[in-house]
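Multiple structures follow.
Both complexes shown next keep subunit A, but they swap its partner, so subunit B is in the first and subunit C is in the second.
Presenting the complex of A and B:
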C-alpha cells in the first residue's frame, strides 16, 4: 500500500509542472471563456471611482449580438471560403511529394526549398508577399508586362473581390512544404513490392497513383486534411501583416475578428462569445472530416 | 522508370524516357520558382542601394546594381531597436525551449513507465486539448496574465506556450521503447525515480530531445500573435512583432526591412539546414 502511494506521488511530481500549466492556461480558459461569454466586460472601461469596471451579467445578449452582427457573418463567410485552399493545398502537396519521391539530381535541393517557407515566420512571409502583390510589384510585372496574361495591373490586396484569394495564396504557399513532408513519409512507407507487382500487371503511372498510392496513404491524407482545415480556419498572421482585415472587411476572418474585438475594442465578453462560437465551428468541421473519411469518401474500390 | 518496351524499339524508349525527364525537371523548375521567389525578392531588395525597388523594367533588375551590403549595416544604426528585437527573440527562445523540453521530458516519463490512478484520464484530457483551438483561449489567458501582473513581460509570452502536448507524447514515445530491465536494475541498486529519469533514461532519449528542441526553437522564434497581445513596449518585442512594426513604420525604406527579414531568418535556416533529418522525424512523429 505504502509503495503504491509512493509511486503515485512520484508520478504526480513528475507531471506537476505540465499539469499546473495545462490547467491554468488551457482547461481554465475553456471554462472561464464560456462563463465570460455571458457577461459584458470591457477591460478599459472604468467606474466613477476610476477602478476597472467589473463584468456585468447579461445572459445571452452577446450571442444575440453575434447573430445580428454583419461583421461576424462576414468573418464566418471568409473563414469558410478559406477552406477552399484545403483541396488545392493537399492535391498540390501530394503531387509534389510524388514528384520528389525518387532519387534524382536536384530532388534533395527541391525538398529543402519546399520546406523553407514552412520554417519562415508568417511575418516575414507576409511582408515579402505584400510587396510582391503591390500594383507595380513583381507579380503584376510578370503577368502584365512579361506574360501579357493581364491587360492591366491587379490590386491583389486592394481590390475587395480579390484580396481574400491573394491572402489564401500566401497560406497555400507557406503550407505546401509541410504537407509534402507528411506525404513523402507516407509514400516512403509503401513497400516497393506493391508497386513492382502493379507494374508487372501493366499498370501505368496514373493507375499506380490513383489505385495504389492514394488508398495506401489514406490515413496520411485524413490527417493532412484535418490539420489543414483547422489551419485554414485559424489564419491570423497573414491577415494582420498584409491587409488588417481590409479592404472593406473583405479579408476579415474569425480569429482576426476575435483579436479585434478582444484586443482593440477590449470587449472581453463579446470576444469570449466569439471564441465559443469559433470552437464550435471548428468542432463541426472536424466532425464532418472524421465522418467523411470513416465512411470512405476517399475509397477507390 | 520502366516503360513497356516489348513493342517499341530501343531509340523510341530512350526518346520517351528523355521526354519524361525534361517534363520532370520543367515541373521542378516551376515549383522551385514558386517556392523561392519571395525569398529571392527579399534578398535582391536587401542588396539594392537606391531607387524604386518595385519598378522593374526587365528581370535583370532583380540583380542589384550596384550590389551593396550597406543595408545590413545601416539597419543597426537606423533602427537601434533591432538589437533589442534579436536579444528578445533569443531570450524567449532560450527559456521557451529549455522549459518546454524539460516539462515534456518530466511528464512523458510517468506516462510511459509508471502505473498510477488517473493516468488514463490525464492522457485523454491532453489529447482532447489538441482538438480545441488555442485562439479561443486568448481572451481569458490575457486576463489571467494581467491578473498575475505579468503583462508586458517575457514570462507572459512564455507561460501559456510552455506545455506542448506534442512534446509530452514525443518524449513518452521515446521512453516507451527503452527496455524495462534498465530501470529495474537501477531500482534494485536503490536508485530513486528521479535518479533513474535523470541518469539512466534521459541520456538514452537524445534523438527525441533533439527533435523537440528544434521544433520548439522554431515555434518560439516564429511566435507572433501571443507576444503581439501581451507585450506593450517596443523594447520587449521579439523579431516577429518588431518586424511587423517596422514594416508599418518604415514602409518607405523597403531595403532596410528586407535586410531585417533576412537577418531574422538566419538562425532558423541554419538550424534547419544542419538538422533536416530531425525536422523530417518530428513531422513524421505528428503522423503517429
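Presenting the complex of A and C:
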C-alpha cells in the first residue's frame, strides 16, 4: 500500500505543473465561461470607484437570444459547411503521404516543402493569399488572361457564394503538410512484413493500399479526422485576416462570431453563451467521429 | 532509495517555486516610486528616441514617478484594455482614437477630463477636438495628434492618362479622373475606404434625429451617397475588393504603383517613401474635397485615463505633459501630423516646413484643413454594433444583391431597435 502511494505520488508530482496550467488556463476559463453565459457582462463597464462593474444575472436570456439570432444560424451554417474540407484534406494528405513514403530522390525536399506552410504564420499566409485572390490578382490573371479558362475574373473574396470556399482553400493549402506528417509516421510504423506478405500473395498496389495500409493506420486516420473536424469548426485566423466575416456575413464562422460579440460589441455574456452552445455542438461531432471509427478495424480506443 | 529520490524531487520543486515567487516579489519591491503605465499605438520602433526622450524628461521633472511605456497595434488595443480593466490591472494613460474613447466613456470607464483639467489648460486645445469626445456633456479625452485626409496622386499615372498634374478639387472631378485613369492605363483611379457616416455628416445629411433614437438615413438624400459607391462599382471604377480589403488594400495598390490616387493622412507619406521610393518620387498631394457642409473629416488620437487607474491625478498630469505644446511640436517635426494645441499649431514650422517639398505641402494643406475639419465620430452607444449593421447593408448593395434604398431602410430599422433600447 505504502509503495503504491509512493509510486503514484511521484507520478502526480510530475503531472502537477501541467495540471496547474490546465486548471488555470483551461478549466477555470471554461467554468467561468459557462457561468458568465447566464449573465449580462460588459467587460469595460466600470463603477464610479474604478472597479469592474459586476455582471448582472439574466438567467436564460442569452440562450433565448441565440435561438432568435439570424447571425448565429448563419455562422453555424458556415462552420458546418467548413467541415467539407475534412475529407478533402484527409484524402489529399494521405495520398501525398503514400507518395512520399518511399526512398526516391527529392523526397526529403518534397516533405519539407509540404510542411513549410504549416509553420508559416496565418497572418502572412492570409495576406499572401489575399493578394492572389484579388480581382486583378495572379489567380485571375492565369485563369482569365493566360489560360483563357474563364471569361471574367472570379470574385474569390467578394462573391458571397464563393468567399467561404476561397478561405477553405487557404486552410487546405496550409493544413495538408500537417496531416501528411502524421500519416507518414503512421505508414512508417507498418511493419514491412505485412506488405511483403501481401505482395507474395499477389496483391497489387491498390489492394495493398486499401486492404493493408488503410486498416493498419486506422487509429491515425481517426486522430487526423477528429483534429481536422475540430480545426475546421474552430477556424478563426483565416477569417480574421482575410475577410472579417464578409461579404454579407458569408464567411462569418462561429468562432469569429463569438469573437465579434465579445470583443467588438462587448457582450461577453452573450459571447459566452454562444461558446457554450458551440462547445456542445463540437462534443456531438467528436462523439460521432469516435462512434464511426470504432466500428470494425482495430479497437485501440 | 526510491523514497530519497521522491524527497529530493519534492525539494527541487519547492525550491523552484520559492525562487519564482521571490523573483516576482523582488521586481515589485525594488522601488517606492509611483509606477505609471501608459500605452501608445504603433509608435515603436520608429519613434523610440522621441518617446524615450519624453519619458526621461518627465521622470526628471517628477522624481517620484516611474514610467512604463507599452506600445500596441491599434487592432488589439481595445481587447488588451478590456482585459486589463476587467483583470484589475488597468494602465494609467491610454492612447485611443475618438471612437474608442467614446465607447469607453459610455461605459463609465474613463475619468472626465472636463473635471480633471483646469479651464485655462483646456482652453489651449482646439475646441472642436476637445469636444469630440463629449458624452453626456463632458469630455473624456485629451486630444493629442491630429491628421486630416489628403489626396495623394501618382503623377506618372496621371500623365499616362493625359490628365493635368493637379489633384481633383471636387468629388465629381475625382470620378472624372478615375474614368480617365481606368480607360487609358487600366489601373483604378482610387479605392475609397467606404464610411457612409462620414459622407453623410460631411454633406450635412442627418444620420440620427435630435433624440438620437431614430436613424434618418433611409431618406433619399442619404441613399444617394450609397448609390454613388454602387454606381462606381457598376462602372468598374473602383475595385471589387474595395469593401473587403479597405484602406490597407488601397495603400498596397498605391505603393505598387497601380492606383491613381490614395486618400490618406499625411503621415503615410513616410511609409510610402520607405516602402516604395519610386512611387514616392512620383507622388504629389492635394486637399481633400470638402462635402456640401463645408467640412472635412479629422482623425484624432487622444489620451484617456481609465477610471480603474490607481493614480488618476498623476495620470492626467502625464497626459497633459505628453500633449504639451513643445512635446507636440517636436513630434510634428518628425512626422507630418498636426498638433491639438493652438500654440503649437501657430509655430512657424507649419508655414516654413522642414525642407522636404512633398511633406511640407502635405503639412500646409493639413493645417489649412484643420480649420474646417471635424471629428465625425457618431457618439452613440453600441456604435460598433451599429456600424457593423450599416457595413453589412453597404455590402449587400455594393455587390448588387439588393437596392441601396432597401438595404438602408432595413438597416435604419435595426438601428432604431438598438437605439430605442438605450
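Please note the rule applied: the second predicted complex is superposed on the first by the 264 of 301 C-alpha atoms of A that agree within 3 Å, B and C clash if a C-alpha of one lies under 4 Å from a C-alpha of the other, contacts with A are read in each partner's own complex, and residues count from 1 in each chain.
Just so we're on the same page, contacts are C-beta pairs under 8 Å (C-beta built on N, C-alpha and C of every residue); 3 or more make two chains touch, one makes a residue touch a chain.
Keep in mind that this is a model prediction, so the values were computed, not measured.
Of the two partner chains, subunit B and subunit C are each touched by A:136.
Taking subunit A as the reference chain, the count of touched residues is higher for B when subunit B and subunit C are set side by side. In the superposed model, A:158 lies in contact with subunit C only, and not with subunit B.
In the superposed pair of complexes, A:10 makes contact with subunit B and with subunit C alike.
When both complexes are overlaid on chain A, the residue A:64 reaches neither subunit B nor subunit C. Residue contacts after overlaying the shared chain place A:124 against subunit B, while subunit C stays out of touching range. Within the superposed three-chain model, A:263 lies in touch with subunit B and with subunit C [touch as defined at top].
Judged by the touch definition given at the top, the superposed model places A:194 against neither subunit B nor subunit C. Common to the subunit B-facing and subunit C-facing surfaces of subunit A are residues 10, 43, 130-131, 134, 136, 263. Only residues 6, 9-10, 13, 16, 42-53, 130-131, 134-136, 155, 157-160, 243-244, 246-249, 260, 263-266 of subunit A touch subunit C when the two sit together in their complex.
Residue ranges on subunit A touching subunit B, taken from their complex, read 7-8, 10-12, 14-15, 17-19, 21-22, 24-30, 32-33, 36, 43, 96, 99, 104, 106-107, 110, 112-117, 119-132, 134, 136-138, 141, 145-146, 173, 176-178, 181-182, 184-186, 199, 202, 219-220, 223, 227, 230, 233-234, 236-237, 240-241, 255, 258-259, 262-263, 268, 271-272, 275-276, 278-279, 282-283, 286. The residues of subunit C lying in touch with subunit A in their complex are 2-3, 5-6, 9-10, 13, 78-79, 81-83, 85-86, 88, 90, 103-104, 107-109, 239-241, 243-245, 249, 252, 306-310, 312, 382, 384-385, 388, 391-392, 395-396, 398-399, 401.
By the touch criterion stated above, subunit B contacts subunit A in their complex at residues 2, 4, 24-25, 27-28, 31-32, 34-39, 41-42, 45, 53-56, 59, 102-104, 106-107, 109-111, 114-117, 119, 122, 125-126, 129, 131-133, 135-144, 146, 159-160, 162-163, 168, 193-194, 197, 218, 221-222, 224-225, 228-229, 239-241, 243-244, 247, 254, 257-258, 261, 264-265, 268-269, 272-273, 276, 279-280, 283-284, 286-287.
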